[in-house]
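Structures for review follow.
Next, two complexes with chain A in common: one pairs it with chain B, the other with chain C.
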Partner chain A sequence: MIRYIISRLVIAALLLCGLITLSFGLVSLLPGDPAVALLGEYATPADVARIHSELGLDLPFWDRYLGYMSRTLSGDLGHSLFTGSSVSSEILTRLPNTLIYLVPGLALALIVGMASGTFAAYRYRRFADKAFTFWISILMAMPEFVLALLLLFVFYQQLRIAPAPIGMLSSAQITPPHVTGSIPLDAIIAGQWGTFSSILGRAVLPIVTMGLFFAAPFGKTVRSGLLQVLQSPQIEFARACGLRPGQVFRYALSDIRGSLMTYLVLLFAASLSGAAIVESVFSWPGVGGWSLDGVLKGDVPVIQGFVLIMGTTSLLGYVILDALITLLDPRTRSKAVAGRRQRRLGATPTAIS
Partner chain B sequence: MNKTLQVRELETEFHTPRGVVPALHGVSFEVQDNEIVGIVGESGSGKSTVVRSITKLLMPPGKVSAGNVIFAGRSLLDLPEREMRQIRGKDIGFIAQNPFSALNPVTRIEKQFANIAKAHGVKVDASERSRALQLLESTGVRDPERVMRGYAHELSGGMAQRVVIAMALYLNPQLVIADEPTTALDLTVQRQVLDTLRRLTIESGRSMLIVTHDLGVVAAYCNRVLVMYRGNIVEQGPVEDVFVRPQHPYTISLLNSVVRPEEETQYVPGSAEEADTAEPETPDSPKVQLSEARRS
Partner chain C sequence: MTSLGGRASSLAKQGRAWAYKRSGAVLAVVAAGIIVGLPLAAIFLHLPQNPLQPDVESMALAPNSVHWFGTDGNGMDVFSRTIESARLDLPISLAATAIALVIGVPLGLFATTGVAGEAIMRVVDAFAALPIIVIAVVSIQLMGGGATDVILAIALVAAPRFVRLSRAAAISLRSSRYVEAAVAIGCSPIRVAFNHIFRNAYGVILVQATLTTAGALSTIAALNFLGVGVKPPQPSWGAMIEDGVSMLIRGQWWAVAFPALALLLVIGSLNIIAGAIENKMERVEHTR
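And then the complex of A and B:
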């Protein structure tokens, strides 16, 4: 068991180093010179050289690489070329703003996708299934921003029940006193529940956008997975034993559990990058919109910071996922725990098999 | 003798995108009390479809379009799913072809027994558990306590199939239906499992409907046989009658394809028996019985 955990941690550490290397390599892969991006086309060679030395671009490759690696590992992600603010503190204050709609959005996607996919699978080829398939294909053909704009059009412009897409707080709300720097967290700490619930109210449309956007592919996966397993000999035998429909469903679910979990983590990783678009539409002060801004300006440390935070979060997701899948399934668990293949019962030569 | 199961003019079809494909064209037969009936026929002749139609386990696009199934005085095709579910597992036990794909891989064997009991409103307690243990023991499972606490993947094929048999017999069904119960097992194990099955059905006064494409199995274990061909039962009767005096051309060719009485150790190439030729024939092997039956 301990050996298994250690082996996973070592793999995670190696992957993290790979990720940092990738992020370092981004600088050379990006078109253009950061100094030129910063100073404009008409910078003098002296200014360019000054910026190069400030950014450490004049140092030998290995010095730059090892310096970057050690700074990143100690949590220093550098400073924005344009605003000069620290990238790590920007991420720390903005990440909660993103998570506040992203996590509920994914939870919504999970619930809606699970329920509708299951319903469709059990009504295979009947009306409900056909309606489900129809809506899924429409949703899946729709880019995030179209969905967001559509929701805004209906709920803000027409029905007037959603707030305007102008960020997390309206100007009327008092900003909570600065403690952590993250507004939702500070509002909780200060006990300003009015402010906090107004933030949540403004998060509803981003949550619904994310929820619907990811419910579609997730629901489709649930449907096709269930359809397959409901036809399997395992479920036929369960039904032939007279198990109740609820028990049969649980057997079926345990069979596709692993692939559904994998798909959820994939969606989570995808949602982090999708966050940029949703945040732009809703002027949401999260990591997504901020990094999009950085990408458009060529703000290298910001891009690197975003790549790192996205990569690390996905990496963490995959490592946890892998461990969960291995430990939840007795077939792989026994191998992981014992570290060797278990002897089969009754497989000894003298046994009557 | 009473009839456990009566099937009358059963018609089943598959509604495929290319149209309605009939799979059974009016199948009629019965299973008497304390009798083993075999169904033989080539692949695709509709053997599994018969089984699924009787137990109402047919999945869409399959549909029973006509006929009657009477089991213990009840017309199964008219029962709502809720009542049918209570019959499955309790009054009709089902034995699957491949135990590894039938057993739940992530649930302990004892939990799977408990789930069956729970589904039929049987209280799960220590005495129920020891009944399952005894049943496992009587199916020939070694170290049943350890098997109960373990998972399916820890078992050998023969042991896993014995666990499946124990599950099918757990709630003491009157009728056991087995769809090719030994095809997934190797040859020596097949005999042991079939012997166990016969012992547990006939000696406890149960009946069994067994699907197989091995005529040797029919000769050795069945009282009566149904020969299926393209969705029809082309011949049925006591095993001796059908095998000695086959009436239908398909039955004759089926018998000829397995063994020729004049040169009984020669097998048609590609026949399922071929793999067995290396083994010396023992007097009680089903094939020898089959050929003896044909000679007499």
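And then the complex of A and C:
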């Protein structure tokens, strides 16, 4: 058991090295010159050469690669080419801003998806199930920025109950004294509960956007998984034994728990990329919007830093998932089964983009 | 098929089930019509207004008899632009899916064994750990940003899923009798992979291809919404929505609503087609 988790950690560490290589390669191996992307089409050769030496692009390939690898592993992600601020500290101050709506958003998706999917599975082919399928199809066809704009239009423009999409604080509010650099954390430390609750109020629309957007695919998975299990012999037997419906449901749930958790981690990885778009709609000062800005400007260290942080976060998610599944399901404790779960993961078409 | 039960209620139930199935088929045909019809309409239909012509005198007009869907902030006709967008958005997503298929499926079919197979799967895992939109934006930014670059970037992002899927199919089918027989009579690995394994797994891959096209459309729209990719004045749904946001905040909903509806309709149609193929496959398996 512990050996299994350690082996997963080792694999994750190897994958991390692969990830660093990928983020290095993404910028170095793709056609196009970052210096030209940075300076524009009309840069003089001298300027291009200066940027090249600044980025270390004039060094041999292996020197660049090993240098990048060792710097990254020691935690130095470089400095932004445009603002000059350190990428790692920038990420650390912005990450809480993103998590403050991402985590509740995913929790909302979990609750809504779980509840509606279960309800639809128990009402299979009846009105509630058809209504559920109808709404899920509409939600699944909606890109997250369309959903965000729809919510903005209804709740801000028409009903006037949501705040304007101008970021985390309104201009009238005093920013809390600088301690950690992250505004929500500083507000808590300084005891400015008014400011903190106003931040939460502004986070409601992003939370609902994330929640609804991810509730749809999750609910669909819950429904189809439960449908299969509810028709299985062991559930029939449990019912025949006269177990209470609640208990039958618990047994059914323990059967699909593993695949649901896998799906949740996939959704988490997808939500990180959705965050960039939602943040740009709501002008939210999180990691997503910041990195997107860097990407659009061709800010190489920012791109690499973001790719690394997001990749590491989802790798961590996968490791925690594997550990949890092993804890919950004794069958996966033998090594041979590890491959089977992965195969099941890849065996069905998925719609997450 | 089930044997005919004597009871009337079961007959009625079967009749209802038949109607239910048919309604699914009708829906799928309508969806396919939308997918094929919209780009054709954009290419061959004479649009009521020039989609690229700004008009200073008719800016931000509400829908009326001249401008059916109203006009946007530059005075361009929303209806014509919504139709015109299909000319670019749909073919790009289809092309990206096709390239992803061509790269991903052979890789997956052959990546079942050996060091090379393991290596391919690790690369696929590493790609799966990255946020999609970021890879797409980075590669488009670095490649320049024309239509071909958008196609390549999206194909790159979508290919890993085809690798996974076709690999899973190859592994589960390889131990089946007919594949063993094919190997035993000396078929080449390529023939086994395509003629025997792929032919029996294409259903799942087709469903994934349809879903990938839908996902590609949504990614393209998101990219255009962020201002990456196809450059103005060529209309695209994502860019139209981006242009309309400032009007939406003022309550002028039409510049955003119609391209968003078109996007919804097309992605929804693709999802419906995928569902129909999946149902069909399940029924075929059931009767076997």
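Rule of thumb we're sticking to: the second predicted complex is superposed on the first by the 327 of 353 C-alpha atoms of A that agree within 3 Å, B and C clash if a C-alpha of one lies under 4 Å from a C-alpha of the other, contacts with A are read in each partner's own complex, and residues count from 1 in each chain.
Note that contacts are C-beta pairs under 8 Å (C-beta built on N, C-alpha and C of every residue); 3 or more make two chains touch, one makes a residue touch a chain.
Note that the structure is predicted; figures quoted are calculated from it, not measured.
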item: First (chain B), second (chain C), both or neither touched by A:234; value: first
item: Chain C versus chain B, contacts on chain A by residue; value: C
item: First, second, both or neither for A:306, with chain B first and chain C second; value: second
item: Touching partner for A:292 - first (chain B), second (chain C), both, neither; value: second
item: Which of chain B and chain C A:328 touches, first, second, both or neither; value: first
item: Touched partner set for A:272, first chain B, second chain C, both or neither; value: second
item: Chain B versus chain C as contact partner of A:218, first or second or both or neither; value: neither
item: Chain B versus chain C as contact partner of A:143, first or second or both or neither; value: second
item: Chain B and chain C footprints on chain A, overlapping residues; value: 345-347, 351-353
item: Residue ranges of chain B touching chain A (in the complex, touch as defined); value: 55, 57, 59-61, 85-90, 94, 96-98, 101-107, 115-116, 118-120, 140-143, 146-147, 150-151, 153-159, 164, 167-168, 189, 192
item: Interfacial residue positions of chain A with respect to chain C in the complex; value: 14-15, 18-19, 22, 26-27, 30-32, 34, 37, 137-138, 140-146, 149-150, 152-153, 156-158, 165, 269-270, 272-274, 276-277, 280-281, 291-292, 295-296, 298, 303, 306-307, 310-311, 314-315, 318, 343, 345-353
item: Footprint of chain B on chain A - complex, ascending; value: 124-125, 230-234, 236-245, 247, 251, 254-255, 328-331, 334, 342, 344-347, 351-353
item: Of all residues in chain C, those that touch chain A in their complex; value: 122-123, 125-135, 137-139, 141-144, 161, 164-165, 167-169, 171-172, 204, 207-208, 211, 214-216, 218-219, 221-222, 225-228, 241, 245, 248-251, 253, 256, 260, 263-265, 267-268, 271-272, 274, 278
